[in-house]
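The two complexes that follow have chain A in common; it is paired with chain B in the first and with chain C in the second.
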Partner chain A sequence: MNRDLRNIIIEHNDAIIQNWSKEINKLKEQNYTSDISDELYEHNNQEFVNVIIHSIKGTGSTKLVKDFSDRIIQLGWPLSYITDGLLVFRRVATNIILKQVDHVDSNTANEVLRNIDSLVEPIIRQLVNEYSVSWEHVVSLQRIALQELSAPLIPVMDNITIMPLIGTIDTERAKFIMENLLDGVMRHNAEVVLIDITGVPVVDTMVAHHLFQATEAVRLLGAKCILVGIRPEIAQTIVNLGINFSNLPTKSTLKKGFMLALEITNKSIVEMNNKSQTLDELLGKSTGSEEDHENTDLKTT
Partner chain B sequence: MNSLSYVSIMKEWDIVAARQMGRELSKQIGFGTVDQARITTAISELARNIYLYAGEGQICFEAIKTLDQKGILIIAKDNGPGIKDLSQVMEDGYSTSGGLGAGLPGVRRLMDEFDIETEVGKGTKISTKKWVR
Partner chain C sequence: MRIPILKLHNYLLISIQTELDDQTAINFQEDLLREIHTTEATGVVIDLTSVEVIDSFIAKVLGDVVSMSDLMGAKVVLTGIQPAVAMTLIELGIHLQNVPTALDLEQGLLKLHQEMGE
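== the complex of A and B ==
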């Protein structure tokens, strides 16, 4: 029976594809895919039905299935496109096969359904599997990308490093912050690290606790942390929470924090109204050809 | 009363979901930026306590109204271990987890009204309100 069924499907290939496309196009109007261009939609349907027919003929390959599911994911189409498509196929194929059978009693109908299921199920399984594997892959890549972004360290100048934090801090990220801070202090030989929390939406006791621990560890390495970017509403919330920040120097803005960092590291910013002159002073040699213009430069003392 | 909604707390990121829902609702009700931050932080504390000490529970939100005031009601409830010594827990610096112990006393200061019901072995229910000024 299974053999015959497969043959009937192959024989009526065209009719099945036609009916399937018609039904699938009907689905388009009422769901997620409605804003997709007709051409793209039809093109993918064509490929989809090809994948199904090839699998049933036994001429399909895992690569064919994988390529198809990869593309659906890349396009951002939902998994229900795949499951709907296969359910429609099951219905359409059943109808066409039942038309070929001379007289249909409930036994034949049952058997046809069962056999169709045994043909369609492996395809569903494989496609859904491929789809979820691709998704997991995407998610794990994003996770890595996110981790890379989660606690960056910018060595702005000798001994001064900035860690700008943006977004929610959870336990995992808090661990990263600590590791990166300590690693960065060693690697960049930092004397002062500015932690900028301008982009952290909520500073609760957990975030505060982790910041304290991180800064304490930094202190043990002989360096200093300055917390900057404290928005007014965050300052008020911290006061209400009753958290004591007196052991951690804080500044409202990165700029103010940076000035403090310069002070700590014995550096200063010097305004250079006459660049050539100051450069002369600095370097002890003539740079007379330099154009005069206003400039701000850093001088290490 | 209207706008009844809740977030289930099971994973750490559910805390963020609860915070976002609370922030959104308090914005709608008409709270200013500072009060939005206070409410969001209070939710964060309550949700994290559920996550840490009870394993799972719920944060429920409700927009509330009296004749002359608008506000938000937040209820944090769980079927966790409950709290043995309530008066101790409401003191600054008391923590069984090595935390700052500023969560619950902090929530009481961040919000306008604070009520806690707890039974050892049964669970904890914390209701807290804030009014728009």
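== the complex of A and C ==
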């Protein structure tokens, strides 16, 4: 029976392809693929149906299916195109086969349906697998990219290091932050670390806990942490949640935090020329160059 | 196994280079206190750079040593705690709240000097 069915499909493949194309074109109008050019759509349909027919004949290797799915994935066509296409194919093929059989009772219908299913199923499975593999690949790439961005550490001066945090902090990221922070403190010989949470949208008890743990660990290494970038709404949530940050210096902006860090490390910023002097110079020398005279220099006191 | 305690002016330097077991830690505590007593040292630096594991008991002993030395008039600074060690301690909930720390021996000595200079 199975072989017969296969033969029937192969014999009538022209009719099947025709009906299938008609159906699939109907789908196009009301559906996702409406912005794809007719030509490309036609071409891919042709290929798709060939792939189906080949793999039903048993002549098409799995490579054929794989090549096709690779191309569809590369074009960014949705998975539903594939599944719809195969469902339509099943329906069309069933119709045509049932037309060939003179006497249709429930048994033959049942058997035809089951056999068609067994023919179409492997293709569906393989195509869906290809799709999910490609998705997982994308997701894992994105995760790596995200991790690279998740805990940068910037040594701005001798002994002062800044870690700007952006985005929500979950447990996994908090762990990563802590590791990076501690390694960075050792590597850069940092005395003060500024943790900037300007870009952290929500600070709940869990985030606070993680931050607190990180700062405590930094203290054990022998460096100081300053928490900066605390926005008004963050301050409100912290107090409302009853989180105690009292033994951790906090500042509203990175600038203020940096000043505190300079104080701790016994440093100060000294302006070499003040503005009025620069102005005098400019007025005195009409040919005065436009170079920046406002050099600031860092001095260790 | 005894841990050597070195005297430098009125400081004591200890570099712990073995894995601390409970008995060694207790011996160390006694030795150090005796040494502080005999040398009348005013500052102690305990360097933990080569220590890779600190369990809760060792942490408690270290915390105790700091408080005890404080009582005897010697300031203690722990230096060179490794990132992994710090992380485990924090995860165990051991915060060593009253223990001064520094990044390395040099900064530890500076810190002692600052605290005692004033």
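Throughout what follows, the second predicted complex is superposed on the first by the 229 of 301 C-alpha atoms of A that agree within 3 Å, B and C clash if a C-alpha of one lies under 4 Å from a C-alpha of the other, contacts with A are read in each partner's own complex, and residues count from 1 in each chain.
In this text, contacts are C-beta pairs under 8 Å (C-beta built on N, C-alpha and C of every residue); 3 or more make two chains touch, one makes a residue touch a chain.
None of these values were measured; they are calculated from a predicted model.
Once both complexes are superposed on chain A, the partners chain B and chain C fit side by side without clashing. Of the two partner chains, chain B is the only one that A:Thr205 touches; chain C does not reach it.
Legend: residue contacts after superposition of the two complexes on their common chain; A:Thr168 is shown touching chain B, with no touch to chain C. By the touch criterion stated above, A:Gly242 is placed in contact with chain B alone, chain C being left untouched.
In the superposition on chain A, A:Pro232 contacts chain B only, with no contact to chain C. Legend: residue contacts after superposition of the two complexes on their common chain; A:Ala223 is shown touching chain C, with no touch to chain B. Taking the C-alpha centre of chain A as the apex, the lines running to the C-alpha centres of chain B and chain C meet at 70 degrees, rounded to a multiple of 10. Using the contact criterion defined above for the overlaid structures, shared-chain residue A:Asn95 touches neither chain B nor chain C, since it reaches no partner. By the touch criterion stated above, A:Gln46 is placed in contact with neither chain B nor chain C. Once chain A of one complex is fitted onto chain A of the other, the partner contacts of A:Ser118 are absent, as it touches neither chain B nor chain C.
Superposition on chain A places chain B within reach of chain C only down to 8 Å, the least C-alpha distance between them. The residues of chain A shared by its contacts with chain B and with chain C come to none at all.
Residues 12-13, 16, 19, 33-34, 36-38, 40-41, 44-45, 48, 92, 99-100, 102-103, 105-106, 109-110 of chain B touch chain A in their complex. Note for the complex: chain A touches chain B at residues 168, 170-171, 201-206, 208-209, 212, 232-234, 236-237, 240-243. On the chain C side of its complex with chain A, the touching residues are 78-83, 85-87, 89-91, 95-96, 101-104, 107-108. In the complex of the two chains, the chain A residues touching chain C come out as 178-179, 182-183, 185-186, 189-191, 213, 216-223.
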